[in-house]
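Presented sequentially are two complexes of chain A, the first with chain B as partner and the second with chain C.
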Partner chain A sequence: MRDQELKHIGKPYNRKDGQEKVTGQAVYVHDMELPGMLHAKCVHSPHAHAKIVSIDTSEAEKVPGVKAIVTGKDAPYRVGLYMVDKNLIATDKVRYQGEIVAAVAAVDETTAERAVSLIKVDYEPLPIIHNVDEALEGNILVHEDLHTYEHMAGVFFPQKGTNIASWNRTLKGDVKKGFEEADFVLEDEFSVPAVAHVPMETHVTIAKADPYSDKVEIWSSGQSPFAIRQLLAKSLGINKSDVHVTVPYIGGGFGGKAGIHLEPFVTILSRAAKGRPVKLKATREEEFNLLPTRAGMRTRVKTGVKKDGSITAMEIYHDWDSGAYADYGVNVGKTAVYSGAGPYHVPNIELHSRTIYTNKVFSTAYRGFGHLETHWGIERHMERIATELGMDPFDFRMKNALKPGDTTISGELVYKTTGSPTACLEAVAKEIGWTGRKTEAERAEELKTGKIRGKGLALLQKAPAMPSYTSTAAIMQMNEDGHVKVMIGAIDMGQGANTVMAQIAAEELKIPMDDVEVVWNVDTDKHPYDWNTVASKYTFMGGNAVRKAAKNMIQQMKEVAAQVLRCHPDELEHDNGVIYHVHHTHRQIPFKKLAMGYMYENGNGIGGPVIAHGIYMASGLTNPDPETGQGRPGLVWTFGAHGVDLEVDVETGEVHVLKIASAFDIGKVINKKLVDGQVLGGVIQGLGSALIEGYKFSPDAKLLNPSFTDNKIPTAKDIPDQIVPIYIEDPETAQVDGPYGARGIGEHPMISVPSAIGNALYDALEIDFYRLPLNPESVALAIANASKKQ
Partner chain B sequence: MCNHNGDSCFTYKDSGLTKIELNCVINGDKVCELVDPTMTLLNFLHNQMKLFGVKEGCGEGECGACTIMMNGKAVNSCMILAVEAEGADIVTVEGLAKDGELSTLQKEFVEFDALQCGFCTPGMLMSSRALLDQNPNPTVEEVKEAIAGNFCRCTGYFPIVDAILSAAKKEKEESK
Partner chain C sequence: MLSKFDYQRPKSLQEALTFLGEYPETKLLAGGTDLMVVLRRNMQIVDHVLDIKEIPETKRFEYKPGEGLFIGASVTVNQISESEPVKERYMALKQAADSLASYQLRNRATLVGNICNASPGADLASPLLVFDAVVHIATPQGNKEVPIQSFFTGVKRTVLNPGEIVIGVQLADSETEDHSVFLKQARIKGHDLGIAGITLRMTPSHKVSVAMSAVAPTPIRLVDLEKQISEKSLDDTLPEWLESEIKNHIKPISDIRSSADYRLHISGVLAKKGMKKLLEMGGK
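On to the complex of A and B.
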């Protein structure tokens, strides 16, 4: 479809939820109260690894107003999306400091807290696994029964008798031969700490378990109501259809609210309280220390290159510090199998991605799904290879970046319509005025001012990480006034899905945006299925489903109109809320007259209420081969690049970012205002990972910074002077099977922001950084150490 | 955390002490309520007055989600006791729109897409309102300073800064 024919696609409409959110009318689960509702508070483990010897709840039970107390023995259930490894409440032993050991439901929070303070728990401390190296030694096990855990077989590979929750591999080409062909080999090690999602609304759940049946009602801040339904039912051994989940507005997710969290546990409390609704609202401290994080990660990478700069072979170990559980974490690890070497053509590669248990707060999905972490290592490593070769890092990347005809590390063939990483790199290099690395003379001159500027580039890629058979659907109903209500199973947590889906519906139905509404309050009993609102997949998958639903709606109306107008449905067109004959255009029927079925003047009726649906299922995807990782896992790739121009204070180590240019081969921008929002917000979240954020643990593996005082996110004063979003909308490289050519972009903006900043710091200082965050302390120390060496 | 009870700051606890009468003005309405002397202003507004636009993000004065205006100043309502509001003039996000029409500031937030999930938005609006009341012509740096205590994880702040600057300009035109 040519752009000039599009009425709504490509228009920067304001988000549909804007007014409710600026007036305080938008209701979140945080704000909800139900009749008879109880409040829950939890007892947390003070130890990182310990046996639970005994729990004495007798004093707590005596507190008036306490309606239920549960401990591990009351909840012999495990839960998990990909690896069923997580107890609802710690049973027999605790695996991280902060884990729930017991909980109380009481008439108010005061009473619940008082009761919690009276629960006595005796622990017998066990030796602690602090990091992946200790975990790999395997002398102490976080999960003794790992080999018995249910998991997606053939996709994840738990290693019996070890701390490895899954060991996934890629093997492509002949790695030995590849390294023999190399003129030069470089080895590096990089790492990132665990980082918090920090949704402004902490996790919250209200559960109401019918005492006379298996029925459970859940109100959750989760971003995946259908995953909650499925996993809660599975965990508690009840029918999926007995679980009813509602998700109203949610205050941010970023992956941390995907899958399932507090819901089954609160259900147990409600059952114990004889069916009264129970609300558990995580404190900010619990958000940091009970609920999951982004995993810490270490990359060990070795690459062979020829003198001309072409990569001949790579060997990579990505080791993920997943903490005490890996129910979702194993799938983060799996993505490295097909995406863990960046958007490069690597003819021979051996890659190992190991998701590893330690005794720390556990990990889960996080915007970027492992890619910020892998790209930190890979894109810094590529920069160092270019340096060693004496090549311009721009030229080195252009030479090795994926091009049509290449294959990815998992053997996927790259088409022109897969998108273009090089177009993105060229765009950002131009935008930041990249002319090659700074010279020694320039650096010396700038050093006199106490501040040195540096520029850096980095590439990025990501495809949705999800089961190969992921599906979604849309239902569309027309009201008597010709307005259309669309129901989808995805959650609009601010990314703008509901506005974008309304634009797609309006485009296909050819009606004004005001006549379309995507229904909020996703309800698993009423809304159609969607797997999880994750993976930057919804514009693509949901967009295709909504498009099909709209076409189906038009077809239904045409079939009735054809009878009335006595013609074939193929002779009918639609526009401006009417169905009309393609030639005799005055012969027409308004949508309104068809919405509930058409009524003739004599009273005869035909047709019926116009209700349409559309589906989309990921097609042609396969699981990676267990031995080689080869397969077709990428539904839709989005490539991108960042260019950074920054200034570093050589005295304080403070980094001030002047400009970040970010380009994405997005195919088609459906709503620039909303896409800009994803880019600006994502880049700043990436900047947080680059410069500020990170978990710190004590020697006994207790989280040292579980609050905003010591674990901050960027504020308005931390943002760069300028961010320049650039969208590649080249019909030649657009996504042919995406809606209007569009690809996903929700997660991509934060990937490789740290890499580009690290590369710019090298340009400024000629110092290589290997660990995040690049806070003033680490930068100033590196500068001090470098000057000592000279 | 959590040696059982370390995370209590987030929630309201009834102290059992004799309730105290609180007289104040909220969004233009005179209010007379009996409040627990240990109750925070945040809990009073959210739980007792049911003004759900006052959000709790951390309960310890770090994130700004609960920002309201008290006697013309932007304050974290989680850091103030309800009884301290005696005689005060309080404005929450619910008090910004007049006669069913959004204020210029609210309209500019929507226009510039200065919100995504919306959870920080009420607090962000109140910090902005207090700024523009005190300084109708703020510079970019002054805007950033004024909202530096309000965390937003979604927008990256750029659209918020732009919305506030645009609102300042429009309000000036409107007042002419």
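On to the complex of A and C.
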């Protein structure tokens, strides 16, 4: 479809929920009160690894207003999305400091907190696994019964008698031969710490368990109402249809609210309180210390290259410090199997991705889903290879980036319509004025001012990480006035899904945006199914489903109109809220006369309420081969690149980002205002990972920074002077099976931001950084150490 | 919050002292920006909270030529930042005020609260140290005055006894030719606690004083260093000399916010930058 024919696609509409949110009318679960509602507070483990010897709740029970107290023995259930490894409440032993050991439901929060302070727990401390190296020794196990845990077989590979929740592999080509062909081999090690999602709204759940049946009602801040329904039912051994989940507006998710979290646990409390609704809202400290994070990760990478710069072979170990649980974490690890070497053509590769248990806060999905972590190492490593070869890092990337006809590391064939990483790289290089690395003379001259500028580039890629059979649906109903209500199963958590879906519906129905409303307050009893609101997949998948629903709605109206207008439905067109004959355009019927069925003058009615639905099922995906990781996991790839221009204060170590240019082969921009929002937000979140953020643990594995006092994120004063989003909308490389050619972009802006900054720091200082964050301390001390050596 | 406290808001100093005499464990509340954190985290269980903001003496905020500047205990950090005499004569104090927390918190936080909390990293302590501030304390036995140098006794500890109230602090008079500079290094550029803070002051007679925060158990005035500076000429070599010399006068620790190594490094950098600024401002 040519752009001039599009009325709504590509128009920067304001977000539909904007006014409601800025005027404070939007309702969140934190706002909700139900009649008879109780409030919950939790007892958290002070130990990272300890046996629970005894729990004495007798004093807490005496507090007036306490209605229920639960401990592990009241909740003999496990929960998990990909790996069912997590107890609802710690049972027998605790695996991280912060884990829930007991909880109280009481008439108000103060009473619940008082009761919690009176619960006495005796622990017998156990030896602690602090990091992946200790975990890999395998002398101490975080999960003794790992081999008995239910998991998606053939996709995840828990290693019995170890701390490895899943060991996934890629094997492509002949790695030995590849390294033999190399003129040069470089080995590196990189790492990133665990990082928090920090949504404005902390996790919150209200659960109401019917005391006379299995029925459960849940109001949650979750990203994924249908996943909550499925996993809660599975965990408690009840029917999915007995679980009714409602998600009103939510204040940000970033992956931390995907899957399932507090919902089954609060259900247990409601059951214990004889069915009274129970609300649990996470404090900010619980958000950091109880609820999951992005995993820490270590990359060990070895690459062989020829003198001309072509990559011959790679060997990679990505070891994920998933903390105490890996229910979602194993799938983060799995992404490395098909994406863990960056957007490069690597003919021979052996890649191991191990998701590993330790005694720390556990990990889950986080915007970028493993890619910021893998790309940190890979894109810094590629920079170093270029340096060693004496090649311009731009040229090195252009030479090795995926091109049509290449295959990815999991053997997926790249088509022209898969998108173009090189177009993105060229765009950002131009925007930041990349002309190659700084010379020694330039550096020496700048050093006199105390500040040195540096430029850096990095590539990125990502495809949705989800089961191969992921599906979604949309339902569309027309009202008597010709307005259309669209129901989808995805959550608009700020990314703008409801606005984009309204644009697609309005486009296909050819009606004004004001005549379309995507119904919020997603309700699993009413809204159609969507797997999870994650993975930058919804514009693509949901967009296709809404498009199909709209086409179906038009077809329904045409069939009734054809009877009235005495013609074949194929002779009819639609526009401006009417169905009309393609040639005798005066023969027409308005939508509103068809919305509830058409009525003839004599009173006869035909047709009926116009209700349409559309579905989308991920097409042609396969599970990776268990031995080699080969397969087709990528529904839709989005490629991108960042170019950074920064200035580093050589004394304080402060990095000031002057400009980040970020290009994405997005195929088609459906709403520039919303896409810009994703890019600006994502780049700043990536900047947080690059320069500021990271969990710190004490020697006994207690989280040292569980609040904003010491867990900092970027503020308005920390953002780059300029962020320049660039969108590649080349019809030649657009996504042919996406809506209007569009691809996802929600997560991509934060991937490789740290890599580009690390590469720019190398340009400025000729110092290689291997660990995040690049905070003033690490930069200043590295500079000081480097000058000492000279 | 587990504390269930009784809240008092006396209208006179006498009333407040009487109440404190009866309940000496009472917590004093001015801005509450430190107290609320303590209460919310249940770090202390408190039975009585006494709000000092209605006590007239604590509201006094006044500059008198010859006497100096009096800052009452209810005066907020933003009031200090916006005050003309502070901008004219106590520049480092204004700079420190502007670096404390966020604008919203500065609307409530008070300077006296900042020093009574006695964090080693108290942002407002180092300017007070170089301006020879005197802490005015009301006690049941009458008022007493304690120089700021003797006010801090350890991490989160002061000379204050139960039943006593700080009414305000008096800063020595400062002339408009008196130059001072405050510098602070934090982890981020926005709202954050300092890894290290420094105030340098140079009087019109070229007497240099130096004080730091977050590099010792209390905010400290570097008296020995000042003596060494007084024996040196105020030339271009002074900042570089100070950068390395200051490291011999402080003993920072490693903690969650910074390693001792970086604290030492950045203390030198801040001292050098600060001294350069002082010299530029007309110290030469």
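Going forward, the second predicted complex is superposed on the first by the 790 of 790 C-alpha atoms of A that agree within 3 Å, B and C clash if a C-alpha of one lies under 4 Å from a C-alpha of the other, contacts with A are read in each partner's own complex, and residues count from 1 in each chain.
In this text, a contact is a pair of C-beta atoms (placed from the backbone, for glycine too) under 8 Å apart; a residue touches a chain by one contact, two chains touch by 3 or more.
For clarity, every value in this text was computed on a predicted model and none was experimentally measured.
> More residues of chain A are touched by which chain, chain B or chain C?
More residues of chain A are touched by B.
> Mind working out whether A:Met493 is in touch with chain B, chain C, both or neither, as first, second, both or neither?
A:Met493: touches chain B, not chain C.
> What is the contact status of A:Ile238 with respect to chain B (first) and chain C (second): first, second, both, or neither?
After superposition on chain A, A:Ile238 lies in contact with neither partner.
> Counting only touches as set out at the top, which of chain B and chain C does A:Leu680 meet: first, second, both, neither?
first
> Using the touch definition from the top, say if A:Leu6 reaches chain B (first), chain C (second), both or neither.
neither
> Tell me which partner A:Lys21 touches in the superposition: chain B (first), chain C (second), both or neither.
The first partner, chain B, only.
> Mind working out whether A:Glu113 is in touch with chain B, chain C, both or neither, as first, second, both or neither?
both
> Thinking of the overlay built on chain A, is A:Met596 touched by chain B (first), by chain C (second), by both, or by neither?
A:Met596: touches no partner chain.
> Touch check for A:Asp31: first (chain B), second (chain C), both, or neither?
first
> Let me test your reading of the model: by the given contact rule, A:Val63 touches which partner, first (chain B), second (chain C), both or neither?
The answer is neither, since A:Val63 touches no partner chain.
> Common interface residues of chain A with chain B and chain C?
The overlap between the chain B and chain C interfaces on chain A comprises residues 110, 113, 117, 709, 714-717.
> For chain A, which residues are in contact with chain B within the complex?
14-15, 17-28, 30-31, 39, 42-46, 98, 108-110, 113, 116-117, 119, 197-202, 249-254, 281, 283-286, 289, 493-496, 673-674, 676-677, 680-685, 703, 706-709, 713-717, 719, 723
> Looking at the complex, which residues from chain A come into contact with chain C?
Interface residues on chain A, with respect to chain C: 110, 113-114, 117, 651-654, 692, 696, 704-705, 709-710, 712, 714-718, 775-777, 780-781, 784.
> Could you please specify the touching residues of chain B with respect to chain A in the complex?
Those in contact with chain A are residues 1-14, 46, 51-60, 62-63, 65, 92-94, 96-97, 102, 106, 109-111, 113, 115-122, 125, 143-145, 147-161.
> Touching chain A in the complex: which residues of chain C?
For this pair, the touching residues of chain C are 1-2, 42, 185, 187-193, 195, 256-259, 261-262, 265-266, 269, 272-273.
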